[in-house]
Each structure stands twice: as structure tokens, then as C-alpha cells.
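Chain naming follows the written order as A, B, C, D, E and F, and within any one chain the residues start at number 1.
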């Protein structure tokens, strides 16, 4: 098993967040709990899946991700049941998480007093939105709230689009202004739509671990949305997911080519060719195509 | 508080409807209960929101309407959860309401006898449909019935389209012939689709107050449907809603313009600019744009 | 077919209700639409199923009622899906109906003005409750509302119990104070329970036709609730339902007696004995028992 | 009533299927239970609705089918509530049915032993898929399973498309790889989508009677899917359905033409013209158009 | 792995069932597919879990059964979501399965003709009910049907009680006459209650494999119902389940005794005592109690 | 507004919890966020609503609590939709909260390493259960999980009963072993029941703020469960709730007494007597009864 070396992390950080939020999750905690992260980190401590991998991930589908995550024992990284704004458009980015809880005046009052004591204002949805970076996907736990659970209308949706460079948004809650939003070119996954503005809630955490459906999302996870749902991929598994996806795609390519020939029953080809000669043919094809794909990718990244 | 002057209404009317319907709501009652209506009335007593305001209302979204209705204490004028035939096409018109109840032979028999005594036939869906006027939206309370709750198939849908000049239809119930209907260019909101024709129900009221979802709809309400759901606006609030919508749209225009500049955090601009100079800039912009919009609208109406 | 003689009703009544309610259903209308009623009427025009039949109806079950109503073409007189307060206790009484709609200030304002003009107060739940008679079952259409849809708490529940002499209550909505109510000995059927008081609704009709689930309820219907759900029986069918129930019960008695003997397969006895001698035995038994039952009933009513 | 002559069927067949499946339905049984079939049969015993009727059936809508089936007493041949892959594309073909049950190791072990004893492998989804013929629609009873209830991903979906010549697929269960599948031009109806592969089930029957929603599907039924749902038409009713559909379509054509003239109320024209002259006009139109349609169809089939 | 010896079964049987049912499952198939059954068989081929084990099984709870079935890989033998007639009363017996499908006249007509040809009547619910044996639990797959999905009313429920000696009933469908049924002392699990009699279905199989919720039920399975739901235990696992349950019960007994002493944290005792001396104490206790229990059981069975 | 004095709290505490949990909420944070607490605190920092008030709170119903909480702006302290183990038995105690999230191996691995580094074991349900104190109610956020979401079976339920002195349990998740649990005399509210043990989750917080349904629960809240649902009362409002409840109960007592006299309409008495003399009578009654109640309570507490 991998050794967790908690003591020797080189990234410096303050012990307490500058913000006053009910659920605190310090930069140190974030670093600790994403310890196997192989990439750099953003200033806020989140793992930074590199931009070229983000681009590469735009071709991922839920099934390709499932293969690796299942194998590694990650059974709870997928959420579905969303309305999808632009089903044809993939969503890929780094998770920026926000958590809300039902409003409770005594707690909110203390939180405000604490914020004031640090010279800050009350936490609210724009506090979080104003922290977004290019490549982020805003992941919001609004506990499925419809009325008063609308994280953004079209104005803030537009702002999120500009701030994240069209990263995207996953909301276990709702949005408003669907008419306006549907004209903006950023992917979004949400449970419902309502004309009311957000209300009767308090923002309790920014970049804290959150639950979205049956998934546990950590800040900095690679978020991938397709026509079915959303996957939250731990950064240390991203490379393996992408490599496996290449193989799966070549496999699919070859399989369909063979099916299109009309000479074989499906079980002769799929999932593994039964005939040793066909198997050999496939393996040669796989090898050749993977080389091509990787060469091509390297080339396109050099530009 | 506004004075309700019940006695001095100039519009003449018969005390009882010519129709024999279980739930009666006479022209007098209709006039009484829509007393603050500032517009003319249709021959049947319904308020007649003018055609130019109908045209203007085609740009309304649910959020813009919410702002005024919430402020005035109208919390129950919105319904959603519909399947929407043409989500890209707004629905705007005057509510023509129809109410059904589960069939009950003793009641239906009396209703028929009463109708016969007045030289009329039994009330059914076409009785109502044949009364539709250009600019109407047919609002049908079929208590969410699916099987046998199909107000129209494609023939009558086509007729409604010609009679209302593509006004539209909101059904708390279902339709049939979706294949045929989806080729007809009229907006429609319905709960479900079923191949059965309407049956096991009785028509109990035409242009009576009805409940659609959690909303109370009065005949003559301005009906506005967008991608999210349907708003039923009392006629006396229509002007205010439209004026406010102009302001909201200019506000959104300016906000997005500022966001697009990429120089500001969202909270510096939205919902109100913090910097007094920005605020001033916004207010000047608002003033100018509102003038332009209203001039343009007046011009287009003169044609 | 039965002749509907609308002109010759002897019962005098005022043309308009003294109350000012949005949905009016005058005493005349009530009389007209319950024309086949064979019984006396209450002062408010509702059919008065006699007290001795109410007593007899306490033994009815949903299946016994179904037999006659189905045969006569009444397919929509049953509602279920309720929480039942005292499942062991039958509910029997005359329907006293109340209808609510979502609050709409313009309509409510006119209704209040109209009420004031007649020297009355605003209609609300206690207005209706204060009109209840012994033997009534309060039937409330609150369109399934949970929060703010609580027709009574334990105080008014207690009042309804005293006023109706434990008649009962059917609410397509909710109640509050379940702790207190569960100690009061009156049957009740409701959709839900909530701690909020009734609100954001307006009372729109008292003793008007209402929809409860998929059923059409007329004021004065015989309401019968058992462990499964609630039947609303048109008064003119009550006698036939009760007579048929006697036969069904004797049939069940004999069937179970035969089954208990352990000599027969179920299909030899039920639903009709195949063996002519058994059939004869059954018919003799039926005749004898019906005589006994009716004699006994007559005797108990003389006391 | 039609005489069922069970003894004189000329088609030879083996008494037991070559496959070893838990639920057996032999070729003989299939022939017996589809006895009124007026068409040839496929090699596996299924009725073979002819190709030209399949083509003609592509214009059918659910309502047109309903008319004949309802009349003949077939009330359970329709299923809806599916997600529809290509709503604009009709689905028409011969039902090829597959049934799954939850995995149970003792039963599966025996089934495997039986298969082995006959020199075959374990039954699984590809066993069925490899038996598909051009013109088939794969009808799968996966008891609504989502996770692990995915009959195909994009590879096998592609194979089904090639094998059935784009026949189609109805799954009371789910599919995976929606991204890939949505680019393949074959109609499909399914309850859900999930990234997991099929698992924790056993294939228990191929071409056995299955339940899909509230419908009973027999192998060889004509399957017709439109924007609303799916109809399963017994082969002996296909001709009548198609003929009636021609009449309905002419009727709709004429009705809409009349409505478009704007001179009539809907009830003057629909469903039957009231004016005898109009009725005559309609009947002449119907006769003429039916002749044209049938001539045209005959012509197109000769080519 | 256990050897499946399909050829050498000593029990004689006819190759085809005497009944004419759409889904046939011959006595031979039944015997084959329940091959590991260690017990005698009933005349119809079903495994006969002995009466003394049925008695012993009355103490089983769902959790005790889960332990063994999970371990053996049987993940689909549990169903819940039922209304439970007598939650305090355990249900134990041998599964007698019945399957229905939606009515389809062409299929039903052939089935009737086939039955007639064999001198029998149409299959219906009483056909199955009349075959019940003492110790049976009637397991009915009515695909969750409510209206018209009522397998029995109180008369047939009473008959099932006498025929099975209060074995019980599991219905994926509904019952009628809940008032009458609730007075009869037999356990029953059903999805719903409705006043309509069974209709619009056809009986398609008696003692065939059926699906109940997510479980696969084979005729002869040991059915155990508790307050939570129903387990269907393959006969060859019954002994192991019962033995394990004894251990679990002694373990619970000892655990609670220790907890009641109030000296230990839960984790010191449960699920395994941490202190070696406590563990020793527990093991001695387990040994002693198991001996006592088995002695006592043997004694009670001798009587 | 109340001054939040964050600096001057006298209770000493460690800055970090001894436990290693993903979501940390230190004793200091707990103290800060429950700052208006007027009572002592438990050793873990939770407010300690005194035992005598717990006893007094056993008479509270949801409606009585609603009155004060609504007035003070606490709209999100109620949760319902639970299965209630002993509906006749009130549940009262101090909230001890536990939070779970879906299992995620990378996070869990770090948490274990952190725990190990502090000489502790992995956090699991018994870790929390072993910390329970007399008077606690265990409040568990298992995000509604059914399968694998079972916080306890009957052994641990028994332990919780002994540890909390029958305090109780609220689970947004499920339990197992309902048969065994239903014999144990402790109140419990849970969403579902399942035979599986807890699994595929990780414990992420003990005594952290949690969401239960639409409510925000803070450790130390007064938990009150009645037949309807569960209220979570902030400690600083407990006294006011109890005082108001006394008044409400006297009011109910008097109201029912008046209703029982049968001389008044409900609206003459309830909610406020209209007749000034009756009002006076009521006020005298209220004063006298409150004095009696408080005297009696004081007396009973002296014993």
C-alpha cells in the first residue's frame, strides 16, 4: 500500500482559512486529503489537473471512466438525474465546491459576527462565484432545493462562464432564468428550475468535501459530464483513466469496423475476438492506433 | 386600499349563463371578481389585455414576472412540471378556462336535461373549443388525468391553433397524437401524452376560476409560458410587469456587458454596483436605454 | 330512463346563497343536481340520508359498495391513499363539502368586499365548520396541500367531533396536532400532517361539488370510510347498496362456513356453488338469513 | 368465434428448443399461441409480418393503432414512460423478445450444466443479440433495472443496428454509452442510462412471452414506436390497423382542410360533419383519396 | 464445485403438465432446477422443506438470513415495500408460485382451447388456489397491479388460510376486502388494496419461476416474512441458515447481557469481544447455549 | 441585536479534536456557534439543556414548538417523513450528531493514516455510539441511504438505549433488525429498514452541524419527536418554547371545555373568544391554571 507521508508536504499554507465559514476545511486539510495528487496545486491548495489533460478529457464518456474507477474501488464518484443544459457539449474542469445548509438565524448571526471581526462580509453565493478560476467547474450542494435553491440566474451564469472560461456547473439544486441561460454557451447540470431567487439558506463551506447525489466530491477533482451524468475523478487517477480511454476507443473502433463487415456474430468479436488470428489482428491494430493517437496528441500539444 | 365599487359597473349582462354547466360563474361574477381590470372586456366579460401588450409580453421570462408578483403578494400564479411542445417558442395570451370533473351519471343526466330544456346539447370539450377567440390561451383543468384525460388530438389542436391564432394551450392533463401535434406551430404545455381519447369525465365549467398546479387562474388572466413554466398574471398587474421587465432587461444587458469586460468581480457589479461611479454609469445607461426601448416600441406600434 | 322533472320541486329556497363565495352553488342547484334523491332534505338543501340508514351503513365495506356502483356506471366515487386516524372505526355520514383554492389577493379582496356588503365576515375554515350538523362528514378539497394545508388542529377537530356527533372528516390536504387528535374518538382520513396552521389559501366554496382524488363528491352524498379508503355514494343508490350488502354478507358467511368444513375446493363453492344441491342449500340459507337480518334490524329500530 | 384448430398445423418443428433456458417456449408453443397469424413464419416460428407492411407501418401513430386494438378488446398492448433516442424517427419491426431475471446461482448453475450437456455456452445478452434478423426489434424485459441493467453499450448497439437493418430496440431496463449511441441511427426506447455493464442477472428466455410495462408482448408482434410510446400489435390485426389508419389520415386531412378555411366551428366538422351536404362531400373525398393512396402504394411496391 | 447430475433423479413424472398454461415449467424442469434440494419433494415436484424446519424457521429474522445468503452469493432473494397484514406474526412456508400477465385475447383464446382439448376449464386465480397444500405460502406475481390486480378478497383469503393452515401470502399486486381480511389470522404481504375484483389479466403460470420485486423465486423456496420484508431461501441453504441463526441469537443474547451490565463500551463487546478473556467467556457461553438450544429443540420435536 | 462576544468564553478546550475526522468542528467552534446557549455545557462542548427541562419537554407537540420557532424566524428546524418505531412514546434529548459520506478510498486512507498517527483506530459507527451520554438523541445523517445505510441493528440499538437512558435516535438513513428493535423501549425515527449491514460509507464527522431533511441540526439542540416528526430546538429558545406550550395547553383545555358545553359556535371561542366576558373568563382561567401548573412542576422537581 502507498505510504501516506503527512509530514513532508512542501506547500506552505496558513492554518486557518481567511474566510469565516461554518464548515472549515483548511488548505492544509485539503492538501492532506488529496495527498496522492501527482500534479501541481492551485493557490487555494486544490490539485491542478493540467490544462492539456483537461483538453484530452473532453472526449471521455461515463463508461470509459467507470472502467478504471470500478477497478480501483471507487464506486461512488458518479451522479445522475440532472437536467442537462447542452447535452451535446461535454463538461470538463476542476471541481470548485460550495455547500449550503438550511438557514438558521443563530448560526448565521455568529458567522456574520466572525466575518465582521475579520473585516469581511457575510458569505453568500457571489462570495464563492468571485473566487472561480479558468478551468473550474462550480459544484454546488444545495441539498436538492427547488424553491429558493437557485444558485444563479442568467447574469451570474454569464459571469461564471467568463470566469471559468466556460468550465461549467453542477448543482444539486436549481437555477433560474432558463430562457436566458439556454443561450449561454457553458455546460450545466442542475436538478430543477424555478423563478424564485436563492433564499432561506446559508453558505456553509467553500472548497469543502461535498455530497452530490451518491458521490463524494473533493475540491480539485476532475469533473466530467456527458449526456448521462457527471463523474468526479480523483486527480491521481486521471492519467490512468485517460490512457485506458484511448484503448477503449481503439477497441470500439476496431469492433465496429468488424461488425460493419457483416461477416461475424457479435460474440465472435466482442468483447474479445475468439479466433486467435482475429485476436492477433486486433492487438496489432491496437498497438498501431495507440501509437498514432499518442503521436498526434503530442504534436497537437507542442503547438 | 383600493375601493371595490361593486354597484356601478357599466357592462350589461344576463344574470345566468346561457350554458348549463355544473359550476356556474356568470358574466357578472366574472366582472365583479376581476374588478381592478384596467382594460376593455371581451364579449364574454373577460378582461381584454390589449393586443400590443400581448406582443410586448412575448419577451417576458418567468423571473421578470416573479419580481412584480412577489412584491404585490401574488405567490400562487406560477405552475410548472409540464412537458413543453416547443420550448423555444414563447406562449402569450388571455386565459380561456375549462374545468372537468370525474364523470358521475346522476349529475351528468341533470346537466343534459337542463341543457336540453334550453335547446342546447351536452357540454363537451368541443363546446369550449368552439368559443375560443384570437389571442386566447386554452387553460384546462383535467386534474392531471392521463388515460382518458386527453383534451385534444391533432385535429382539434389544429383547430385551436387557427381559432386562437396560435395562442396556445395549458393542460393539467394530457393530449394525444403527439406525432401530429409536434408539427403544428402553436405552443402547448401538458402533463402527459396518451393514445386514448377523452372519456370518463364531464365538463363542469367554462370560464370559471380553475386551479392549475398550485395556481389560481381567472378567465382573462395574461398567460405567459417560457422554458420553465407558466405564469398567470392578473390583468391589473400586466402594465407594471412589462415596465419592470424593461428595467430588468436593461440591467441584465449592462451587467453582462460589464462582466464581459473581465475587470470586475461579480459582486462589484451585481446586483447593484458598489462603486458610486459605476452606479452612476449604470443609472445613466438605464435611463438612456429605457428611453430608446420605449421610443422604439411606440414607433413599432404606430406602424 | 328516469325522467328528470326539473320544474315541480316542492322545496322552497332562496335563489342566491347568503354567503359570498367565489364558487356559488345555490340551494336550487343543489336540489336540481341531486334530483333523484329519495329522502328528505336538510335545511341547506342537501339530501338527508336517514339516521337509521347511516347506522346500517356502518357495516359496509368498500367491496360491497363497489358491486352496486360499478353496475350502475358510477366508476369515480372512491378515493384512497389517505392516512387513516382510527382504521378500526368505520366512518359514515352525509357529505358536507368545502373547497379551497390558492390565495389570490385580487379575488380575495372582492370576496371580502362582497361579504362585507352583506354584513358578513371573510369566509374561512371556521365559517364552514360552524355550519356542520350531527351526522355530517366534513369533506375538504385542499388540493393535497401539506404545508399550510391543515384544515384543523386538535381544538377544531374536537369541535367537529362534537358538532357532527363523531361523523368524521376526509381531507385532500392535511391536519396538524396529530398527537392531540389521535386521542379524539372521531374517524378521519387525511393526506398528511404538518405543524403549520392553514394559510396562503382562500375558501372558495361551501357545499359545492368537489373533487377528492379521482372522485366527484356532491353535498349530501353518503360517505363511507373503511380500512382501505372512502366511498361517496349518491343518495338514490344508498338503499340498493345496503340491500346488496346484506346478500353479500350472507353469501360470505355461508361461503366461509363451507370452506371451514374443509370438504370443498374453493371453486366448488365460490363464487357460485357448482353442485345444484349445494346451490339449493345456499339459496335456502340466503333466504332464511336475510329474513332474520331484516327482522332483527326492524326490531332494533323500533327500540 | 374463430375456430382454433390446434392439430392441423403444417409447420414442422422440434419439440424442445436447442437452447437451454429457464423459461422455455418451444417453436410449437410459439406457433400455437400465434395461431391466427395470417402471414408466413420466420425459421424460428415467429410470425413474419411482410416487409411491405413494415414499410407501410412506418407512418402509423399510437392513436391510429389504438382505434382498432381498443375495438377488438386489446387493451394492454401499449407501453410508455421511455426515454426515446431519436423522437423524430419511427420504429417499426418484428418483436424479438428477451427475458432476464435476477441472478440466482443455483438456477444459473443448472442452466449452465444443461447448456454444457448440449455442447453450448451459457446464455447471455450476446446469445440473443446474435440471433437477430433484419426487420427485428429487440424487446428486452430487464424488469426496469438501472444499475447493471444495461442491455447494450455503443458497440453492441451498433451490432444490433447492422443485424436488424436499423430495426430498433425497446428495453424495460437501461443502456450505457449514451454518448456513443446517440450518434447511431437506430430508434431505441429505454427506461434509463447507466455507466455500469449488465450484471447480477441471468438470461431466462429468448422469444418467450414477456411483459413490458403493462403490455404482453409475443415474439413476432409488430412493434411500432412513435414520439409517445410503443405499441405491440398482434400480427392478425396488422392489416386492419393499416387500413383503418389510411381512413383516419384522410379524415384528418379533410378535417384540417376544412378548419383551415376558417368557416366552421370545430363541432360542425369534427368528428363527423353535421351538415348532410358536408358529410357527403367528406365521403366522396374519402373514397377518392383512399383510391389514390392505395394505387400509389401498389405502384411503389411494384418497383 | 458441486456436480449437477441431471440424469439420475429417481422421481418419476410426466413430461408435460396436465394444465394448459402459457408459461410451462414441467415437473422435470422443476426437479432439475432445484437439483441441490436435500429434502423430499411434494407430489408436484417442489422441494419439501420439512415441517420441523418450518417451525424452527418461525424465529428467523431478515438479518439472520442475510448473513448466509450474502456469503453464498445469493444477493437477490429479498423483497420489501409491502404492506404487512399482521406485522407481529411471522410468515413461514413453502413457495407456491403463480404468475399473471396483462390480458391478451388472442393468447387467452388459444389457452382456453388447449385447456378444453384436455377437458379442463380456463386457468384463473381459483385454479391455483385450489392446489394449495398445508405449509404453502402463495407467492403471486401480478406485476404490481392495483386496480383489477386483487388476487383475493376475504372469502378466498379465508380459503387460503384453511388450505395452507395459515401459511401465508405474498402478492406483488393487491388484495380487496381489507376490512374482512384483517380479522383473519394469516400473515400476508401485498403492495396495495383496491375494491375492484381481479380482471384484465390472464393466469400464465402455476409453480413457475417468478420475479417478486428484485428477487427470483422458485417453487418450493422457503419463504420467510418478518416486519421488514420477505426472504425466499433456496431449500439447500435452509439448514445452514437455521444453524447460523442459532449462533447469531446466542451472540445477541450474550452481547445484550454484557451491554446491560453497563461496564463496557459497545466496541469492546461487539461484534467481537476485544479482550481475550471476554472472548473466551463468550465462546464458552456460545457452546453451552447452542447445546441447550439443540437439546431443547430435539426434545420438543419428539413430542 | 444581541452582542456576540466571541472572545470571553470561559470554557477551556483544545484547538483541534482528538479524533481524525474529515469534517472537523472543534469544541471552540461548537461553543462559538452555540453562543447564545443559556445553559451549562457537556464536556464535549455541547450545550446541556438541563434534565428537568428535558422532562418537561416530554409533553411538547410539534405545533407548540412551531409557534415560537416561526415567530423567531427559525423556519428550518423540523423534519418529517420518518417511520416511527413507537408513535405513542415521545422522544426528547440532546442532539449528538454523526455525519457519513459515500466511501472514497483515497480520503478514507488518509483519514486512517491520520488516526493511526494519533494512536487511534478508524472512525466508524461504534466510535460515535461509544461517546453517547445519558439524555442524548443520536442524530445521524446517512443521506437517506437504504441498502448499506443501516446505522444499527438490534444489538447496537440496545446499547444506544442503555447508553442514552432511552434517549432515542433520528436517522436520515435506515436500520436493520426491525424485529429485534421493535421490542426495545426507545423511540426511533428512521427512513427505512434493510437487512444489509452498514457499508460503502465513511464516517466524516461527530458532533458537527448536519442536515436532516430540510433542517439544520447543531450538536446539543433539544430534539423533540412526536407522532408527526422531529423538531430540533436551539437551546436558547427552549425555555420560551416550554413556557408558551403551557399557555397553549391551558388555552386548548379551556377551548375544548367550552366546545364540550355545546353552546357555542367554534368561531365564538376559537382562537380568541369574541364576547368580552368570555375573554375575561378565559384570561382568569389561564392565569389560575398557569399558576397551578408551575406550582405543581416546581413541587415535582423538588422531590
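Throughout what follows, a contact is a pair of C-beta atoms (placed from the backbone, for glycine too) under 8 Å apart; a residue touches a chain by one contact, two chains touch by 3 or more.
Computed from a prediction, not measured in an experiment: that's the story for all the values here.
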Contacts common to subunit C and subunit E (chain labels): F
If a chain touches subunit C and subunit D alike, it appears here: B, E
Maximum centroid distance from subunit F, chain identifier (CA atoms): D
Type of subunit D:subunit E copy interface by residue overlap (half), same or different: same
Farthest-lying chain, centroid of Cα atoms versus that of subunit A: C
From the options D-E, B-C or C-F, the pair that copies C-E, where over half of the contact pairs coincide: C-F
Geometric centre distance via CA averages, subunit F-subunit A, whole Å: 36
Separation of mean Cα positions, subunit F and subunit B [Å, integer]: 46
Inter-chain centre distance, subunit D versus subunit F - centres from mean C-alpha coordinates, in Å: 56
Distance from the mean Cα position of subunit B to that of subunit A, given in whole angstrom: 40
Contacts with 2+ other chains: residues of subunit A: none
Arrangement of touching chains [line / ring / star / complete / other]: other
Every chain pair meeting the contact rule: A-B, A-D, A-F, B-C, B-D, C-E, C-F, D-E, E-F
Residues of subunit D that touch subunit E when the two form their complex: 1-2, 4, 6, 22-25, 29, 32-36, 72-77, 101-107, 109-111, 113-114, 117, 143, 200, 202, 204, 208-209, 211, 214-216, 218, 234, 236
Residues of subunit B touching subunit D in the complex: 126-127, 129-130, 153-156, 158-159, 162-163, 176-180, 182, 193-196
Residues on subunit E engaged by subunit F in the complex (per definition of touch): 61-63, 65-66, 70, 78, 80, 226-229, 231, 252, 255-256, 259-260, 262, 265-267, 270-271
